[in-house]
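Pasting the structures here.
You will see two complexes here that share chain A, one where it goes with chain B and one where it goes with chain C.
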Partner chain A sequence: MSNKAFLLGDRAVYIAFIVIVLGLPLLIDDVFWLNRVARYLVFGMLGIAMALSWGYAGILNLGQGLFFGVGAYMVAMSLKLQSWTSMQQGSDTPVPDFMLWNAQPGAPTDLCCIVPGSWLWIPFQAQWFGISMAVALPVVLALIIGATIFRLRVSGVYVAIITLALVLLTRLIFIDAQPITNGFNGLTDLGWLTVGGIEFDPLMVETYYIVAVSVCIVLLLTRWLVSTRAGLILQSTRDDANRARYLGYDVASYQIFFFTVSAAIAGFAGLLFVIVSEFATPTYFDIAFSISMVVWAAVGGRSSLIGAAIGAILINTIEATVSESEMFQQAWRLIIGVLFVLIVLYMPRGLAGLARDLLARLVALGRGKEADSAKASRNPAE
Partner chain B sequence: MKAALTIDALEVNFGGFKAVDGMTSVIDDGELRVILGPNGAGKTTLMDLVSGKTASTGGKVHLFGRDITNWPEHEIARAGIGRKFQIPSIFRELSVLQNLEVAVSQEPRVFRNLRLGIPAADRKRIDEVIDLTGLEPVLETLAGDLSHGQMQWLELGMLITQQSRVILLDEPTAGMTQGETSKTADIIMRLKGSHTIIVVEHDMAFVRKIAEKVTVMHMGKLLAEGPIRSIEADPAVREAYLGTGGLH
Partner chain C sequence: MFETLFIGLSLTSVLLLIALGLSITYGAMGVINMAHGELVMIGAYTAVLSGIYLGFNIFAAIPLAFLTAALLGLLIERVVIRRLYGRIIDTLLATWGVAIILQQLIRLEFGMTFFGIRIQGLGPGLQQMRVPSYMMQPYEFAGIMIQPYRTFIIVVTILLTVLTWFLMYRTSIGVQIRAIMRNPQMAAACGIDVRRVSAMTFAYGSGLAGIAGVLLAGFRTVMPEMGANVVVDGFLVVVVGGVGSLLGTVLSAGLLGQINGIVSVVYNDIIARAVVFAVVIGIILWRPNGLFSFKSR
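Here is the complex of A and B:
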């Protein structure tokens, strides 16, 4: 019975979320704020990816930034080549400005050989290539990483350590390959996404809608995914991998599949983030960023996809608001840290769990009243 | 009668120590076999070898004539062996019904499982198992919140929904009250005939209630095999149990 109430409550939250996200441009006139919200929605998508791998699969991925960052760089490379400055370097084909600063004297101004490895950029002249690589490369990487660790039956804290090390390694590689990645500075001064002749200025309402619709679709698709039998079996592997094995399931194949889906979502989020923020930097591979994602999911409720999304959006909105005051800006990290510890200790199911408990109490209250009135109506007859 | 499980000179060597050492036994289709033995006789290790948890270093295991020696666990499970652990092993954060839904699926592949709902035939089998185990009142309860006995029945129920032809039960009544033990015995008796069941058990009252044929292991080897009465009278068995208090 109470399950029905939860299902209804759940559905109501999803509908409310989608309506608000899609209706927001009607309420917010300020395009700068709308652009900010679009960024937070992207973080909400990262929250969904984290809930999927941590909450549903029991895989604590401390290196989710790897997939986000790789996705971001892939699309940023295409957009960099589309930028106005890339056409101003004195060649017929676009060449990123920073490559000239790194080039040997006399090197030809062409992607083929201006700096060692610059030929890697050649296919990115096609925007669709960068966009598809933003999801495809994270998927391939996740397949390789996932197949290695899950076939070896690595689990628990060791997965966290390995993924953490991998994101740091990726950070090193991207900074070290300065001639083709612009090192610490990352890829800035990007062109706009152009589809069918329309240029998507990050400050346009249309660009907000690209992100908003994407988040809603990802949310619903992931929701469907965890409701399937495969999603249920995945949760069973989280609870007791051995039991699942003795029921005949190849646990690793389920872990690899959902780890990869989570990576694909993170890569897609990286793609969207570049479109709304117009830069890609190695800070995406910082540990702090990957750990932030864990905090968002924990606060929102890691066992709830929409909870984790709301957690991410909420924390970032609050952070943006309070960071405008000098005092809070300093204290913010401390506040988030304490909040995280408190939630892990006392509210392991996060905001989503809190909402469910409240709903359960309301249902119980309603039932109590019903029972009371039923008693009252019976009593006079006695 | 057709052999369900053939254990042939099975052996495992843990760095010089042979926990199971040339064990041989044939369990017929539909039989209920009890495996007895003093502590350290290698009973649980034998279960580990048969179910694929531990790789054997010698000998063969055949399931209905198929060589399943050292297959990965999930493939042995798909071939028809279900295993219940000593400590109840269930999905604690899923409801009782969801536990059974995971167990019932005959489709192991990820992509084939990307669908909603449970086929009617599977639903029917789940209902039968719910009847058999009496878990009806707790279907929506999280499995982790069940009583110890209910957890054991749920795990047993999962093996039945899984349609394992051979079921390995490792001390199914450990930690149970007398009432729970007797209910467990009832469930096992009802499975007799439709499933081949192998039980490792210490509780002799329980063993006498369910056993037909008994296999006694000692030091990783077969010590004696036969009907419970003749086993209890066997001097070699008494010898092996000496110092551990004998069979009682």
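Here is the complex of A and C:
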């Protein structure tokens, strides 16, 4: 009986979420705020990816920023070549301005050989290439990483430590490849996404809709994915990998598949984030950012896709509203720390768990005294 | 050549100092303490503050930092970690929260910032610990330049490692700790007060972090986020060395420290760290239990 109520409640939350996300431009006139909300929706997408890998697959990926960052850099490279600064470097083909600053005197102003390794940028002159690589490269990386980790049956904490080390490794590689990635400064002054002759200014309602619709689609797709047979088997591998193995399932394949899906979502989020924020920096590879994603998912509810998304959006929105003064921003971080400890200790299922418990209580109330008396009569028998 | 090895050795000793405490807490109690770096940071701030207000030099600051960090560790154990034994991933997450809290407390000067009170030596800025000048003057020994401060770090590290070894293998509390490491239920059944011993172990590991903080403060700037960078390195050392193996921790600190030292001389610091990460990932994949681990559990 109560399953029905949960299903209804669940559906209601999804519908409300989608309606609010898509209807928000009618409420908010300020394009600046709309742009901010778009960023938080992207973080919501990261929350979904985290809930998928952590909550459903039991894989605590502390290096999710790796896929987000790679996705962001891929599309940022294309947009960098489209920006007007890249066109003005005295060459027929676009060349990023920072490469000129790093070039040896007398080096030809062309992507082929202005700095060592700059030829890697050549295919990015086509915007579709950058955009497809933003998802394709994280997928390939996740396949390689996932296949190595899960075929060797590495699990639990070691997955967390390996992914943590990997994201730090990637960060160092991106910083060290300064001539082609602009090091610490990252890629700034990007051009706008241009599709079919329309330029998507980040401060446009249309750009907001690109993000909003993407988030909704990703949310519904992952929700469908975890409800499939494969999703159920995945959850069984999370609960007891050995038992799933005895039942004849190839545990590693399921883990690799969902790890990769999660990475693809993170890469896609990176793509969207660059479109709305117009920069890509190595801070995406910081540990703090990757762990923030875990915090968002934990606050929202690690085993609920929409809970994790709402957690991410909520935390970031509150942070934005209190960050008007430097001091409150610091205090807010303190509150997040306290909140996080409390949630891990007392509320491991996060906001989503809280909502479910409330619903259960409501259902119990709605059933009235009949159920109570039934329970009372059952108890003495025990 | 020798100078490269010496640099590697001093990097090793810093790594070992940080990893030593972690090795005990992680090995004995299965707690991934992400706040360990913040305990290092607290140790460094203890040195800075005691230098400003009490006029302590580095020698006096070391025991004080040990006490401060150990008491703080005890508090963290009582309030947070005690509820999480056996939930290793959750300890990682909860202590990450603790780490943020500690960082913010230092940044906000324990909340005094809100009342407009500034405390010298705290706050978001950079701090410096004063090291006696005779420790900074390099001298020549057997044809190579040696910095006294680096030598001091190496000596303190060796002393602490020996002390820890003594505690673990030559005292009755060490026997109890090692029993808990192998099998907590069985240890409890044999009459060991697991909770009390665990709390003391955690406090001792935290105290070591405090000392590491004082020594780090001598050659790095002291700032609220200094701990976040060192905790990951410490963990890599512990995991590579093998959980709960003191010898493994020492050797893996040596291995990673020397790789870091040699590669950073040949190429640069960034590549050196990248190589260390790559080696660590390789080792974890190859031997998930670390290089030196006993078979148990």
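To be clear about the criterion, the second predicted complex is superposed on the first by the 367 of 382 C-alpha atoms of A that agree within 3 Å, B and C clash if a C-alpha of one lies under 4 Å from a C-alpha of the other, contacts with A are read in each partner's own complex, and residues count from 1 in each chain.
The definition used in the following text is that a contact is a pair of C-beta atoms (placed from the backbone, for glycine too) under 8 Å apart; a residue touches a chain by one contact, two chains touch by 3 or more.
Because the structure is predicted, anything quoted here is derived from the model rather than measured.
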{"item": "Partners on chain A (chain B, chain C) - clash or fit", "value": "fit"}
{"item": "Per-residue contact with chain A, leading partner among chain C and chain B", "value": "C"}
{"item": "Contacts of A:250 with chain B and chain C, given as first, second, both or neither", "value": "first"}
{"item": "Partner chain(s) touched by A:236 [first = chain B, second = chain C, both, neither]", "value": "first"}
{"item": "First (chain B), second (chain C), both or neither touched by A:147", "value": "neither"}
{"item": "First (chain B), second (chain C), both or neither touched by A:227", "value": "first"}
{"item": "Chain B versus chain C as contact partner of A:3, first or second or both or neither", "value": "first"}
{"item": "Spatial angle chain C-chain A-chain B, Cα centroids [nearest 10 degrees]", "value": "80"}
{"item": "Per-pair minimum CA distance [chain C against chain B, superposed on A] in Å", "value": "13"}
{"item": "Residues of chain A at both interfaces, chain B in one complex, chain C in the other", "value": "none"}
{"item": "Residues on chain B engaged by chain A in the complex (per definition of touch)", "value": "51, 53, 72-75, 77-78, 82-83, 85, 89-94, 98-99, 101-103, 105, 107-111, 113-116, 118, 140, 155, 158, 162"}
{"item": "List of chain A residues in touch with chain C within their complex", "value": "60, 148-149, 152, 154, 156-158, 160-162, 164-166, 168-169, 172-173, 175-176, 287-288, 291, 294-295, 298, 327, 330-331, 333-334, 336-341, 344-345, 348"}
{"item": "Chain A residues touching chain B - in the complex, by the definition given at the top", "value": "3, 224-225, 227-230, 232-233, 235-236, 238-240, 242-251, 253-254, 257"}
{"item": "Partner chain A, residues of chain C touching it in the complex", "value": "32, 80, 83-84, 88-90, 92-94, 96-101, 103-105, 107-108, 113-114, 124, 228, 232, 235-236, 239, 268, 270-271, 273-274, 277-278, 280-281, 284-285, 288"}
